[in-house]
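The structures considered in this document are given below.
Consider the two complexes below, in which chain A is the common component and chain B and chain C are the respective partners.
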Partner chain A sequence: MAREATLVAPAARPLLSRRARELLTGYLYLIPVILALGCTVLFPILKAMHMSLYNHVLIRPQEYGYVGLANYARLLHDETFWLSLWNSFLWVFGSVSFQFLGGFAAALLLHQSFRGRALVRTITLLPWIIPGVVVALIWEFIYQPNYGLLNDILSRTGVMTERVAWLANPGLAMPAVIVTNIWRGMPFFAIMLLAGLQAIPGELYEAARVDGASVFQRFCFITLPMLKPIIVVATATRIVWTFNYADLIFVMTSGGPANATQITSTYTLLQAYSNLDFGYAATLSVALLLIMLVFTVFYLRITRGLEGVA
Partner chain B sequence: MRTPGRGLAERVLGGPVLWTGLGALTLFAMAPFVWVLLASFKTRAELYATPIVYLPTALSFANYVEAWTSRLTPFSRFFANSLWVSSVTMVATTVVSILAGYALARFRFAGRQTFLLVFLATQMFPAVLLIAPLLSQWYALGLIDTYQALIYSNFSFTVPFTVWMLVGYFESIPRELEESAMLDGCTNFGALCRIILPLAAPGVAATAIFAFVASWSELLFAITFTSQTEMRTLSAGLLFMVGQYEIQWGQLSAGVIISTIPVAILFTYLQRHLIQGLSAGAVKG
Partner chain C sequence: MNEHRILSRRVLLKTMAAAGAITAAQLKWWEEPLLRPRRAWGAAPVRFQFSVPEPKRNALVDSLVQRFNQIQNDFEVKVEFVPQAQARQKLITSVAAGSPPDCCQIWDNWVGEFEGMGALEDLTTKAKDWKHYKDVLPLAWQTVTVKNKIASLPWVVTNDALYYRTDRLKEYGIAPPKDDWGFDQFLAFTKAFTKTDKNQYGFGMRGQGTWAVLYATEFMYANGAQVLKDGKVVINSREAAEALDWYLDLFRKHKVCPPSVPTDGWRGIVEGFGRGVTNTYIHNSGSAEEQKGFVGEQNFSTVPLPLGPAKKRNSFYFSETLTAFNKGKSREGAWRFMAWLMEDEPNLMYTKGLGLLPSRKTLFERPEFMQDPAYRGFIKSFPFSIVSPYLAYAGWGGKIDSEGVPLFQQALVGKLSSKEFLDKFAEVLTKNMS
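Now for the complex of A and B:
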């Protein structure tokens, strides 16, 4: 496209100077963003890598010093780290799969035309935009063992007779925080897939209907294939985001009880906030980063492939 | 209105299934909000009663007044802090990403692809990665307990996304428009301000609101880079309130509602534009 533009440009203008001016303006416009992200992302990441090579515990400043890869060696032998990775997997898989299914169902429903659609849309999308700490507190209140809503409903309907401490029970804490995250994240899929549904040309469905395709056939052979790119992108974005997300668990359980909900990102926070072990926290976060980079490379491969098909 | 082509399955899906589904969906999304809203009007006795009381007997705003004026956890102050930090982040993010988004959408220069890739990759970085290094950075610069530290830190997650979205918007505007303006003697910057921005206004507004909402929700930076009560944002204040003493669910519920209202209002406006922006960005992904 750029080439076309320069070819069509009137011959009277000197080619080089125009090109040079364009380059200069382009870089000039990028200076603010380079500064903004250089200071808040790029430099801190390099700094984190640097910190991970040091013994840097705030309450033991006398032991500060270069330790090479000792923190990484510690990481490999840290059982809690491996447990946190497994927990992260459960957290991501449990959250994203149900967010997807629920969000897809919601998108299909919201795509229909009915009275009051705009209002229902706004209502169902709200959980996504309210602050994470608000989500966490709302659900902590619902899960509260003595005067929480959930125990009350379950006992009134006769499902359970005794009160359950949802967030204090090692077997129930993870499902409980995952349900909270499903509530929060479902609207994201709903919003993305709804946009995808709206982009599918109506004629496709009409033609299929004329050919006698049933509603299920139309779903399988039109809706699903047409939505595939958005499904892949949305799911990948969501996986990364959920893996990195610490707020909900941090507020609701702080990774407890007994590390039952300790995912890698909250474990990193624990090392930084409670143990004040900045060196090891940096090591953990670099490990997180590496995992995400590997995932991103796979993700880019997949989306490239999709573009080729489309 | 029934077309002859519609089978039994379709009528069932369009009727009972649709309405049951919509009912369940709305209930699932709304019930937790309604529960907290009700709690915010309850008296202490009603909050901790067994068996639990569903509806408050009177519409009491005592919890709101207490939360708003409390000296230990002053929500009026938290609200003002959040408003300031989110607004400045929003304005600065918008200016920065308009320039960057325009440059990336219009100019073909060396490293353009790399830039785009960096913006995409940055969105995948975990926030916890930045906490320790940013803390030592702000500490060294003497910015602990300042608004600047929070605003600058917020760039790390607002800017990559808004640039990515704006590149998409700007690319959808025909290049000929500003080229003819520039032939008429407009500078490049003039064309950006006078031709492109008015056309991209909905997209710019959407990205601006996104930056506001994202900053409003931010928690980890806010609790790490501030230590004084007067500097806390709403998110940090809410968390602080939990850790302070036995949880005061009445005040806390009021605080939750206070924190929700502004973003809920913005979101109703933003919804349509954000959907378009997300799908535009996603499809390009």
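Now for the complex of A and C:
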């Protein structure tokens, strides 16, 4: 009697190797993120670039059409754009440098232990928590020349005899809005740097103290180097934010008086929502994007390696 | 447990009764209470966009809309409130997207822009067949007529005059201004009203917003200047520059204005007067009711703007319009609602509530307008009022604000001379004559 033999069929060879499948699965997981970023970041950028090549003034639909680089040529000859770029530089430099110095000082103070520290920390955060528009309204009232708080205090204390138009004087308007932005942005640096300070091991300070290092030396050779990575990231982030931050100025001065506080982001808003010139507003946005890209590359290059020190 | 439930119910009923009483009190100005049952099923929706310059108007417009919805069964108006600062762009974007409201309330200086976009419903035939056509002031029809077509209904009208404090006039022993006063008397008047030691200024000049340029233009017209002549922009004439110099010197040289002028927009000048910082300011009648609340009805009055060296003067006349869109889904409903808002009762409710003047002669001539000192200056200014010359071209609307005002501010703070400002401004206008 013949015996039946069952042969095991050889396993089918998978279409893709194990490594390829793992790689593909990884990419599949990335699809939602790619889609989300594509829709919310990439598409608007490409759309803005596309719009910048068109004459797209909403109140003149008849004139809509492709104009090539005409909007960019207009930008190069636009005096207000160059003025707004210079104002943006003053705005960013003035705001971020003093925010950093003030925030650093606050972080060093808050790092000390004292009674009520938690309460003081919370209060320090307040300007950052309040919405930008509300901050602008509060400071607009403070600066109001006729019945504002600042002029009232200065005149009651005899510091000044004539009322000062803080926001209506072209020479004072920019410093005034910068002071407001410093007040608003200081807590950001304070909190970031405080977190960094708390991460520095106490042994380092103890060892330095045993070696006879002074307070200043400990600050220069331990605190600063250990905080450098945070300083680099926080400053870069803040510079980009401030450059694009239009709320304060838009509410307080609308870019005036006489364009004295007109920064590129408020100028872009003006073109888009007052002139309804979306083509030119898109051109300004693309220019802003390029300026920020160049700045970021330059900044990261000069601070290369610092972010990895800690 | 039961007792607690009964008490809660009582509290609930009392609360409801109180809420009803408060609501009824709010509606007491309405002659006929809201009693009629709601409209029939199937009423066609009508979208109405209302731009809100101040919250007071919301309740008023809501009441008007409710009222319209109750007196007829064919249409149901749904009102969309939009802050005034965003109203223009919201409308333009909705037109561009092909989904405008059926009708809206806008100022006449926007009408040209919408007409230029080909978005407006031509109301010429309907308006001419309308029963109140001849009752509407001819100047009011002019403000809404674009290229010989009636583009809107002039809901309310107003012009510019000078508000001044009558109580302080007596306090400082200043003679009240006469209707035919001139530039020199205006300067002397504002100087006498300036008491810097008391933080009081003689004139609340406007430095921000489109009307900053319009008020200055009224003084230029008083010196014989014009914006357009034979189809050319001539606002940079010698007469215009001289008058502008004189006007700006009120702030620059004579210091009769508060230091906040370059950033003072509409709210700035109205509040400046209301808080007692300024003793005069130029505005339309739209802030009269507000000032009655701020400084008291008996403490202020209005007077026409002064005559210039050329013995001329103008007050720019404009209207708040009711405008319908040709892409609206309920064009008949829009017309019925707009025409109803022009009827005696709703029109009077709206105008009296806000300090604006009705565009219909029979309403305008009623004693509540003609005999109120707050409106005196405006009514006296009607004989020499003209439609704003800046309505001539749709392209000028947004440009005055975005380019004209920053230039004006530069002249105000001395960065540009009056002539330099006017030359640059004339360039802006010439470029946008479309």
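Here is the rule we go by: the second predicted complex is superposed on the first by the 263 of 310 C-alpha atoms of A that agree within 3 Å, B and C clash if a C-alpha of one lies under 4 Å from a C-alpha of the other, contacts with A are read in each partner's own complex, and residues count from 1 in each chain.
Here, a residue touches a chain if its C-beta (ideal position, glycine included) is under 8 Å from a C-beta of that chain, and two chains touch if they have at least 3 such contacts.
What you see is a predicted model; the values in this text were computed from it and never measured.
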First (chain B), second (chain C), both or neither touched by A:209: first
Which of chain B and chain C A:147 touches, first, second, both or neither: both
Contacts of A:97 with chain B and chain C, given as first, second, both or neither: neither
Chain B versus chain C, judged by how many residues of chain A each one touches: B
Partner chain in contact with A:217 - chain B first, chain C second, else both or neither: neither
Touched partner set for A:275, first chain B, second chain C, both or neither: second
Contacts of A:289 with chain B and chain C, given as first, second, both or neither: first
Touching partner for A:168 - first (chain B), second (chain C), both, neither: second
Contacts of A:60 with chain B and chain C, given as first, second, both or neither: second
On chain A, the residue positions that both chain B and chain C contact, one per complex: 144, 146-147, 273
Residue ranges of chain A touching chain B (in the complex, touch as defined): 1-2, 5, 22-23, 25-27, 29-30, 32-33, 36-37, 39-41, 43-45, 47-48, 51, 105-106, 109, 112, 114, 120-127, 129-134, 137-139, 141-142, 144, 146-147, 149, 152, 183, 187, 191-192, 194-196, 199, 209-210, 214-216, 229-230, 233-234, 237, 240, 243-244, 246-247, 250-251, 265, 268-269, 272-273, 278, 281-282, 284-286, 288-289, 292-293, 295-296, 303
In the complex, chain C residues that touch chain A: 86, 89, 92-93, 95-96, 113, 116-118, 196, 199, 207-208, 258-264, 272, 275, 277, 394-395, 397-399, 401-402, 405-407, 409-410, 412-413, 415, 434
In the complex with chain A, residue positions of chain B that touch it: 5, 7, 9-10, 13-14, 18, 21-22, 25-26, 28-30, 32-33, 35-36, 39, 47-52, 92, 95-97, 99-100, 102-104, 106-109, 115, 118, 121-134, 136-137, 152-153, 155-156, 159-160, 163, 175, 188-189, 213, 216-217, 219-220, 224, 234-235, 238-239, 242, 249, 252-253, 256, 259-260, 263-264, 267-268, 271, 274-276, 278-279, 282-283, 285
Chain A to chain C touching residues, read off their complex: 58-62, 80, 144-147, 162-165, 167-170, 253-259, 262, 270-271, 273-276
